[in-house]
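In the two complexes below, chain A is the common chain; its partner is chain B in one and chain C in the other.
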Partner chain A sequence: MGPYDSAVSTGSTTSSPSSAAKPSEIDGLLAGAGYKVRSTELHQVAQRLERLETVMVNAPSEISQLASDVLHCNPSDIASWVDSMLVEFNPPVSIPSDLSDFSDLTYIDSVVSPAINQTVCNNSWVEHHTPQQQQQELTHQLTVVTAMEEDSGIRLVHMMMTCAESVQRGDLPLAGSLIEEMQALLTRVNTGCGIGKVARYFIDALSRRVFTPQALCPTGWSNENEILYHHFYEACPYLKFAHFTANQAILEAFDGHDCVHVVDFNLMHGLQWPALIQALALRPGGPPLLRLTGIGPPSPDGRDSLREIGLRLAELARSVNVRFAFRGVAASRLEDVKPWMLQVSPKEAVAINSIMQLHRLLGSGPTRVSAIETVLGWIRSLNPKIVTVVEQEANHNQSEFLDRFTEALYYYSTMFDSLEACSLQPEKAVAEIYIQREICNVLCCEGSARVERHEPLAKWRNRLGAAGFRPLNLGSNAFKQASMLLTLFSAEGYCVEEHEGCLTLGWHSRPLIAASAWQPIQDPVINHNNLL
Partner chain B sequence: MMQFTETPPPPLHQITSFSNLPMNNNQIHRTRPWPGFPTSKALGSFGDANCMEQLLVHCANAIESNDATLAQQILWVLNNIAPPDGDSNQRLTCGFLRALIARAANSGTCKMFTAMANAHANLAINTHKFSVIELASFVDLTPWHRFGFAAANAAILEVVEGYSVIHIVDLSLTHCMQIPTLIDALANRPEGPPLVKLTVAGATEDVPPMLDLSYEELGSKLVNFARSRNVMLEFRVIPSTSSDGFSSLIDQLRVQHLVYAESGEALIVNCHMMLHYIPEETLSAIHNTNSSSYSVESSSPSYHRNMFLKALRTLNPTIVILVDEDADFTSNNLVCRLRSAFNYLWIPYDTMDTFLPRGSKQRQWYEADICWKIENVIAHEGPQRVERLEPKSRWVQRMRNANFRSIMFSEDTVSEVKHMLDEHAAGWGLKKEEEDLVLTWKGHNVVFATAWVPA
Partner chain C sequence: MAGSDEVNHNESKSVVPLNTWILISNFKLAYNLLRRPDGTFERELAEFLERKAPANSFPVDGVFSFDIVDKTTGLLNRVYQPAPENEAQWGIIELEKPLSTTEIVPVILFFHGGSFTHSSANSAIYDYFCRRLVGNCKAVVVSVNYRRSPEHRYPCAYDDGWAALKWVKSRSWLQSGKDSKVHVYLAGDSSGGNITHHVAVRAAESGIEVLGNILLHPMFGGQERTESEKRLDGKYFVTIQDRDWYWRAFLPEGEDRDHPACNPFGPRGKSLEGLNFPKSLVVVAGFDLVQDWQLAYVEGLKKAGQDVNLLFLEQATIGFYFLPNNDHFYCLMEEIKNFVNPNC
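After this line comes the complex of A and B, so read on.
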């Protein structure tokens, strides 16, 4: 199996305490029909029966030969009979363990799906309806399979939880065999949407964690990340919500100020800023002098992508008569940025804009000064007029793997569910890769490699409060805008909610992203100390 | 490993050309074009109104092409720069913004209109139902309607000299507000007042300004008023609608024409900003190409401006007065319509600013009526889009095609109108274009008045 056999000491392979059947139990339903099949082998048998039927359907000329040649040595032993039939027609599918391509998704398709489901998965990008039709065709085939297929999704979830629990216990051989079983079970569910799709990604993540933990979590080139981000931005409203909610707060905070400075913790393509520049251009009393400092990772190929974006924004600002200056700060990690690099002037009103960046600071080890405290400290020292914080509304920073797994399963299922409503291609497909990267980071990485350490709003409130920030009410304008824009242009199901001055956007009743605004508390004691 | 670059900020206003930058545009553009905010150089130089128009145009384009991202961004910007209680440009833009939102809501897949209405509290346009007094003071406030009234009444008075019975068909947006002055003038005729028959069509609450009483009630008030001036007034409502070219009205009038043709009755057809509700070619064009979208009976172009005018001609009226707003709202292209409407409807907002204080209730009512029109022009299509203004040149052509000949307004009429304009503030002007009169505000055409007789 994997390289961990020797490392596994105490993990026993006898089953988990949950409701999984004991290995030796014979399935009652089939026993009544005269066949002896073990419950744990049911899915494999069913899968093979299905394959056999397909083969028979596709090769009619050989059926008569089968009919005359075959002998049932032991008619009750279906499993081995089917196996022997299948061996003649289909070589067994092997599962290689090297899964580190950029085109992760299509690779998974070819590995996990046998002939039956191949077209199902591959077509799911192009024609959303085809998987459903294929699914219906599949359900016509074997009545033996039908009962199982309906609860395959539930079984998958169950098995995933069991697997996660084994991972947490360190029982990697069991985890590994569960993964193989799940990958087999995946062939019999529709992995184009719904629970099948979510399961596919989570089983992939588990597989990486168990089989190839030494492989780096796929992080990709920075421009690749920008492309993934841009598609995620287009495919669903979460980032757009983040941008116009933060922009609303920043615009209102800058009211009356003639020199303003925005510090963007993750510039990407600068998608957030054209709208703000335009709104500042036309505000009553005229636009302020706007400075934008964009932080981003250095480009590997020598391109200065920050500067390119800055120049585009400058061009836009010039065309609407807004005096504008841009500075790019290239840093691989936010904690490497020092406040003096931002060159904040005391005369200007500063807005710090953090869209899904603060959680990346939560992973430093216990020996170093916590990165989050450092960064929040220097943010405070800049005395910003407003700090806009947008974060995933999830608890993915728990130390126990099973807890993280469970939470991530719920969170990303909801997110994938909301993504179903998107019809833009290739945006939707690439957005899924973006989400997949996040999932892999949450589940497969540890230590400093795990940057997706999402925490819910309640925890951020505590952290920011403890760091000397007080919450600013996002205001009714932000809520009205968000509601209006989302109801106009997004599918039904998204909902904007307001909680104590913060806004969340979620899918049905589950908030998935939360936006809040903060301001440093002016502490007279500290100021007094500074004077001494 | 950390590296950082410090980019010196580009010198303000002296940013060098970017065309030869080694920008790797491929990867950025391959995904999607950057949100295309208007970046034309002219944008900033003409001031806010032009900017706002550009943003509205871009927003309309984004909505029409289903570019949700760009539409959202522009709507967000517009929401912030065009508050409903700002200056006249902002209020105008706000009206258009609401109309675009309504259009997006009508055409989009979302049906959450209530959620939107809650989120955007002022979205529902509540038009005021005017009492007669309120409508009269609205009419008196500016020459917008008084101009047409003055020109029409003067022309009518001249042409009915010698007639002892006159039949006025008043197709007017302002619900007979023109008539009391005319009755007064008729009462003071040297030869004594004629018998006046007054016919109106339609209801008082189809389009703004809406009245809080019915035509029957209004009619009895008018009859009483006329009696107080010793004028006999007969009042009649013929239920009829502009959407079918007032065909029931025409039919009735045709019968009357047969009966009264020889009796020396003057037939006056006074059209005051009503005819533009009659459908015209652009609506028929849609009907013919999209006949499946609309009900079958309107597939023929018979409900047509020209048909109405030709039918009118067969009645051999003594005079036809045609007064309407001088703008073109008929384009089937949303952006064209938006530009036309934006470049015309700033005028009523501007005049409101000049003549009414902020926060005044009347201003709210009048502006709500304008918003109704804006929403009709922008958010609706097909037969529901009733505000189909055409410029003077096209109406003149139609009248000529229907065998009418235009007549000059007399010098007396012109001086009457001028006299009326003098009662109002500076800014209003009068232009004579051949036989026609045009009311202007700050040099821009507002309303035209034309008079016609059978050719």
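After this line comes the complex of A and C, so read on.
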């Protein structure tokens, strides 16, 4: 390769032909450009590209089909991306022998469905991140800095950071006096928008933490939360993105199944489900029997709010001729749910849908067995076809207060910035209250009271991988859906990005929410037993 | 010529390292999918396929970056800076104090390539390149996320470039030197090189100081089919056909390639004689089919009495600077470093 092998590049090491390259080593230079190709496979990948080009040159009229009809997945993996297009011209797919060194993975053939002209990609590529790469992904990610032209704005930020740092050191008197100073400064700043608005909320949170720590944080689920949630849903596209993306993945996973069962970890007003019901109604070959199990908090006033939502969804399903059954499971905390409550039948295809719920399981006091492991364990035991996971793309679970504060400041600044574009009232104002509740929980609560323990996608990937799940790629269809959703929002600034099979929605290149899909890895031992 | 049964890949494969060949071929084939024959573009699929890199306020390899929005235009700029020597300042973004009150720190305003249609400021390949520029030149780089065709045709990209220049010039935190001003250079590859030229003209006409232009195989053209276009068509990743598509997508409907945006010194161009135009560094790759237009551009500058330096890299293809695995890359970096060195 020449004298440049040791060129400095972020990412894993390059391998030169003279040294013994391990089969799993990725070409470091291509990695810097966002592509994953193993050094030992460069020639094969080049051959595939040549083959694809020859095919494209000989069949130019089919090129547009490749763009619109093929389900593109995980473009970082050039080899499989090229294969997904070659399949269109040369079925059937042959299993590449070069995956044999990953003995702990099972490779599933690309399935070409004749009814829907798409390929479903099941790429069992487990990411081998080097510690360097992990470090980069966990370090302070981009922050879109809205130009802070005002002196006061910049001073507020500096003071907030100093205050947070003194809170971390335990110097509450200093923190308290800083808070008073900042509150005075706030009166001279425009707190209706921009940095002033964000500062107002953060100073409020600091004030609560320092002056009234014993006050109860609004925690857990409550019916008031549903209203806040609904307004947040209307005011900005984050939840809609979560629903669209998850629904698209669930729809694809349910293809070919006649009995399907969706388990929603947080039903709220059931906003996600009308779209899925309608999509299933329009399925070629007819809709399946759909069961929906909605989990939510018990209603304080004796109403069965879960059942009410279920009835409304049932009516919608009836109007589009989808056989539908609903079951509500009332639980104050997700970890109180036991799998038998969900009454999953072995004949159904199951989808587990978790929109911003898994992070709530990460707080464990000394007496609690890891709630997240318990829940992931029983999810796995239900053998779902798909587990859709949407989480805030943020690192709000760090143990050091200052780190959490800094991260939250950047994250929620970006979110408030995106909200500026919304003109719907009262949706916007109420959405801000929703966000404020989150901020307070992140900053003011500790122990089991702190439920907003957001972690970034990279951490969830590791966690879910370790718990026995493999990623399913969200492909170009989901991406197109998400992009089209954004065209309905007039604000230019939202962006959807694809990262190794997952989709994120962000504001001006800062991802704020990440959607991914998973499936339990089949345990070969269990499979063997089943054959007996 | 396209249409033969077997495509000859041997020529391009023999002049670039294998991983570079894979990178550029992958782009080529993906871009083939995205350009529709009717002139429209598969934007969603393009965004899906595009590999992006996040900014990092915490330095990596001596460089940190952050994205900042120009509130008046809604344009995103990604700013790259050398890591502060004092580690205690890592992660803090300075938006008030100048870069230096004693030394001159060049600010390179960079326009990424992509034939006016592809890529963004946060594309992984351009993020990679801009980081390298920072380390190499000890400069600050500002990469502009200009609006792309066919959704936004001429003159949008130029307007965005102009807005970015004004924005950069007015940032107190980009100032340096004892004269407390922003020492700005314009730079760009492919369409970015074209934008560099047109923004520089506007700057010169408006009396705004630009210290130099760096054009990295800039995208120019014309109605005529030049010798290099005919000789190299389809041989090194690029075809005349795709160049035509991108011009049709960028130029106003009904215009031809002698439009001055495409052919600034052509029959409809204007002379830059007498204009206080910045000095130029024009880099031409010997395997780029557009080279005759680029060389004509250099001639045009010379004829107008302007200061221009040509770096002709005989054995280079387009995109040679994406990966630091060839001599041309390092040669380019050295030239750029000398070009923006305040002591020259």
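The rule we apply is simple: the second predicted complex is superposed on the first by the 369 of 532 C-alpha atoms of A that agree within 3 Å, B and C clash if a C-alpha of one lies under 4 Å from a C-alpha of the other, contacts with A are read in each partner's own complex, and residues count from 1 in each chain.
Simple rule for what comes next: a contact is a pair of C-beta atoms (placed from the backbone, for glycine too) under 8 Å apart; a residue touches a chain by one contact, two chains touch by 3 or more.
Nothing here was measured: the structure is a model prediction, and the numbers come from that model.
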{"item": "Touching partner for A:321 - first (chain B), second (chain C), both, neither", "value": "first"}
{"item": "Partner chain(s) touched by A:429 [first = chain B, second = chain C, both, neither]", "value": "neither"}
{"item": "First (chain B), second (chain C), both or neither touched by A:193", "value": "neither"}
{"item": "Chain B versus chain C as contact partner of A:251, first or second or both or neither", "value": "first"}
{"item": "Chain B versus chain C as contact partner of A:479, first or second or both or neither", "value": "both"}
{"item": "Which superposed partner A:240 touches (first chain B, second chain C, both, neither)", "value": "first"}
{"item": "Contacts of A:304 with chain B and chain C, given as first, second, both or neither", "value": "first"}
{"item": "Touched partner set for A:492, first chain B, second chain C, both or neither", "value": "both"}
{"item": "First, second, both or neither for A:271, with chain B first and chain C second", "value": "first"}
{"item": "Contacts on chain A seen with chain B and repeated with chain C across the two complexes", "value": "479-480, 483-484, 492"}
{"item": "Chain B-facing residues of chain A, complex", "value": "223, 226-227, 230-231, 233-234, 240, 244, 247-248, 251, 269, 271, 274-275, 278-279, 281-284, 291, 298, 303-304, 306-308, 310-312, 314-316, 318-321, 323-333, 336-337, 341, 427, 477, 479-481, 483-485, 487-492"}
{"item": "Of chain A, residues touching chain C in the complex", "value": "1-2, 4, 7-10, 27, 29-30, 32-35, 37, 42-43, 45-46, 49-50, 52-54, 56-58, 63-64, 66-68, 72, 75-76, 78, 82, 136, 139-148, 154, 406, 476, 479-480, 483-484, 492-493, 495-498, 508-511"}
{"item": "Chain C residues touching chain A - in the complex, by the definition given at the top", "value": "2-7, 9, 13, 17-19, 21-23, 25-26, 28-30, 32-34, 36-37, 42-45, 47-49, 51-58, 60-61, 65-71, 74, 76, 78, 91, 93, 95-96, 122, 124-125, 128, 322-326"}
{"item": "Residues of chain B touching chain A in the complex", "value": "1-7, 9-10, 12-13, 15, 18, 21-24, 27-28, 30-32, 34-35, 37-41, 43-44, 48, 51-52, 55, 68-69, 71-77, 79-81, 86, 101, 104-105, 108-112, 115-116, 118-121"}
